[in-house]
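In what comes next, chain A is part of two complexes: it sits with chain B in the first one and with chain C in the second one.
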Partner chain A sequence: MKFFQYLLKIDRRIIYIIMGVLVMLPLIRPLGLGVTSGPRAARLFHAVDSIPAGKTLLISVDFDPASMPELYPMLTALMRHAFAKDMKVLLCGLWPTGAGLAIKAATDIPPEYGKKYGEDVVYLGYKPGVDAVILGMGENIKNVYPNDYSGRPLDSLPMMRDVQRLRDIPMVVALSAGDPGYSDWLRYAQSRYGMKVGAGLTAVSAADAYPFLQSGQLTGLLAGMKGAAEYEILVQKNGYSKAYMPAVAAMDSQSLAHVVIMILVIIGNIAYFATRKRRS
Partner chain B sequence: MKRNIPLAICLGMGILMMVQFFVPHPISVGFYDLTTKWVRIVSAFAVVLGVGSFVMYHSEKLRRRRAGWLYSIVALVAAAVSTVVGLAWGVKQTGPLQSYIFTPLLVPLNSSMFAILAFYMASAAYRAFRARTRESALLLVAAFVVMIGMVPIGAHVPFFWFLVVMAVALLVAGFVTRSKALLIGTGALVVGLLVWPAFWKFKVPRLMLPDTAEWVLSVPNMAAKRAITFGVALGGIATALKVILGIERGWLGGGKQ
Partner chain C sequence: MHVSHSFLTWVAVILTIGIFSFLWKDNPFYKFCEHLFVGVSIGYLIAITWYNGVYPDLVTPLFRQGKPLYIIPLVLGLCFFCRFIPKVSWLIRFPMAFTIGWGMGVAIPATFQTMIIKQIQGTLLTPGIFARWDVLLWAIISFVGVICSVFYFFFSWEHKGALRLASETGIVYLMVGFGASFGYTVMARMSLLIGRLQFILRDWLGVIR
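And now, the complex of A and B:
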């Protein structure tokens, strides 16, 4: 009985150490559990894949560094997919702290495919006023963003000559860590301008998006790091990229973390019920 | 007068915008474009208000030396430095805002804050996630199914074997705690597992754990989420109508007529 009481009072630092070690181990020595792509990621992949070459994919970077491990791999995989299919990528953001991440992606990914800033990719930056921004982009992007993130006038960027308003863009993928995010793109861009909207969300907020996926309002959904890993696999399987897949590499750690939490909960419950009888 | 004019504007614009949504005539579309410009201008004022409110709140806290006033210094200094650096050197990838503030400071701090959640969650789940009632036991099993089903390890686990593990865990728990309820539950689960192969030709017995997790997310979870969404939407429509018709007047603030 003392053992169970000890289990109930176990120092939280022991749990932290167990968790830390089991998260780190697979990163050093991968277990190779493998990732298979699910139907939601496949739907998004096929929707992006069907955009004709030369057309523009809009990606809304609505997350901050806290959600970077889950959402940044989605951003890079989507950009690689688009560039491999010779599409153009327009980046914007509804979160101020997402700006640095969008710039990083717009700087790092295009050279892999010989793409240039201004011709194949443009980052518009962050603008406050969510609904006003999306509605304004539906009317005329240049009214909301006269310049790109670094201050260059949009008129001077060749890519923006064919992209005047949201109706010129076949699809937007909102990578959202919360609010504002995909729901605003659904509310305004999808319902108002009939744009296809895909979403990449953190695992914790993905459950909220399921009804929109089933109703067909969302074209596809990437849920958490697993969703990112699925998209990375799809991009690589179709021969669009040979780059390192950070989300796939992290999935072993996530598997072990989940198993550890499950075992801890079982042990905690056994200890609780064992000592409860004694207490009562 | 001070209240009646805003109420009249709200009523008129509310009705106009509702009608406009369903009328695709060029005049209607032009009116809509005009109002989106107004929305952008009004939103710009919100930024000024936000910054003003932030500075006033922290200055006041600092002046009165309220609890945590030292953090207010950090907040104000961080806001001032970011603003000055951004205005002076711009926001380019190679500029100091990106090189000295965003990449080396904000990214690791923000990521660390989120990363330590995993440790807190593990500890909190160990201490608080108890099957005290039937409902919480159901929640626990559903959580296990989704947790394992949504990671790669789950793809290697048939749902049948997951239930076997659950039965063993229940059995051990039943013996350790000498709980009749747990032992009866184990018995029921074992009976279910024994008749399981009889239904092999159907799809359900051959399900893998990710299929089951998908079912949990797509059926019970979605039903609950949809109900909440409809409730929130109906609430939103009711509130909007109350505002348009002048029944709800909280947005006017205080003051005399």
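And now, the complex of A and C:
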């Protein structure tokens, strides 16, 4: 009984230290537990894969640096997939704090495939006013974004000659850390312009998106870092990339952390029930 | 091991450690990092909203291209600030009325279509429902779950007999939903920790790839 009482009074900082060490160790010495891709990521992968070469994939960068570990690997994996299939990538953002991350991806990834800014990738930047932005893009992208993020007129960018409005784009993938995000693309881009919408979400908001997947409104779903790792694996397995996979590299730590939390939940409950009678 | 020489990386690491120091206990270093984060975020937000929204969509057309109609959004926008002047604070009603009216008009049909009609349809009629038995089974399980969960929130009749069975089944579904949300939340928080540790080990200390 004393042992259980001791467990219930254990200092939270000891748990933090244990967790920190257990998360850090597999990053230094990977355990090789492995990751498999699930059906939700596969659905998104196949939807993107079926876009013909030369067509444009729209990626909405709706997250900030706080969600970078989960969503940035999705962004890079999606861009690698698109470039390997000779698609063009159009980036935009409904979150002001995502601008730096989109610029980083638009700068780092295209050279891996010999792609050039303006011809194969364009970042439109951030615009305030979510519904007005999406609806405006449905009518004419240049009305909403006359210039790209750096002030270059869209008319001067060769890629934008064939992309006038949302109907010219087969699919949008919204990488969302909250609101605004994928639900706005569903609400305005899909319901009004019939666009296919895929989503990459932080794990916190993933559970809310399952009904849209079930109803077929979402073409596919990447949930959290695990979703990013699944997509990275699919991209690499199909020979589209040989790049380092940050989300896959983190999966050992993630798995180990989950095992520890499960053990702690079980121990905590056993200790609680064992001491409940005594306390009452 | 190859410790970074980048000044900005060092700043980021020191601030990360400052935020993590809260796990030990609240302290002035954490408070400083927290306030810095809030200040920088707001400053960044104001700057990017000005350069991506206000300047190109209002200042340029009105003052550089001489389009007089843009005076209307300028006046409406300025009315928001009347909130701070008690004598004319009532002027805020005009931009609020415009914003709410426009927002409701745009959002209601789209939300109704996406969040209600499609979702009611998708409660049972999911894609491929008759193509595979497992899809049909999941569709039936979802349908039962929706009906039972709604019954749990039906308060006009006392929950007894068949209604009690339905509402208690609804509780089971709700608990499964809460459990899934909690599991995902744990995964999200761990991902953020891993992201920071990857930054410290890779970008700062250079001990991992």
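Assume the second predicted complex is superposed on the first by the 280 of 280 C-alpha atoms of A that agree within 3 Å, B and C clash if a C-alpha of one lies under 4 Å from a C-alpha of the other, contacts with A are read in each partner's own complex, and residues count from 1 in each chain.
Keep this in mind: a contact is a pair of C-beta atoms (placed from the backbone, for glycine too) under 8 Å apart; a residue touches a chain by one contact, two chains touch by 3 or more.
Everything numeric in this text was worked out from a predicted model, so none of it was measured.
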Partner chain in contact with A:131 - chain B first, chain C second, else both or neither: both
Partner chain(s) touched by A:139 [first = chain B, second = chain C, both, neither]: first
Partner chain(s) touched by A:38 [first = chain B, second = chain C, both, neither]: first
Touched partner set for A:147, first chain B, second chain C, both or neither: second
Contacts of A:274 with chain B and chain C, given as first, second, both or neither: first
Contacts of A:258 with chain B and chain C, given as first, second, both or neither: both
Chain B versus chain C as contact partner of A:214, first or second or both or neither: both
First, second, both or neither for A:158, with chain B first and chain C second: neither
First (chain B), second (chain C), both or neither touched by A:68: both
Residues of chain A contacting chain B in one complex and chain C in the other: 16, 19-20, 23, 66-69, 97, 99, 125, 128-129, 131-132, 135, 203, 207, 211, 214, 223-224, 226, 254, 257-258, 261
Sites on chain C touched by chain A in the complex: 23-24, 41, 44-45, 48-49, 52-53, 56, 103, 106-107, 110-111, 113-115, 118-119, 121-123, 126-127, 138-139, 142, 177, 180-181, 184-188, 190-198, 201, 207-209
Complex interface listing, chain A residues touching chain B: 4, 10, 12, 15-16, 18-20, 23, 33-36, 38, 64-69, 97, 99-100, 103-104, 107, 125, 128-129, 131-133, 135-136, 138-139, 143-144, 149-151, 203, 207-208, 210-211, 214, 223-224, 226, 229, 251-252, 254-262, 264-270, 272-274, 276-277
Chain A residues touching chain C - in the complex, by the definition given at the top: 13, 16, 19-20, 23-24, 27-28, 66-70, 96-97, 99, 125-129, 131-132, 135, 146-147, 183, 186-188, 190-192, 202-204, 206-207, 211-212, 214-217, 223-226, 244, 246, 249-250, 253-254, 257-258, 261
Touch list for chain B against partner chain A, complex: 33, 36-37, 39-40, 42-44, 46-47, 90-93, 98, 102-103, 106-111, 113-114, 118-119, 121-123, 125-127, 129-131, 140, 144, 147-148, 150-156, 169, 172-173, 176-179, 182, 210, 214, 217-218, 221-222, 225-226, 229
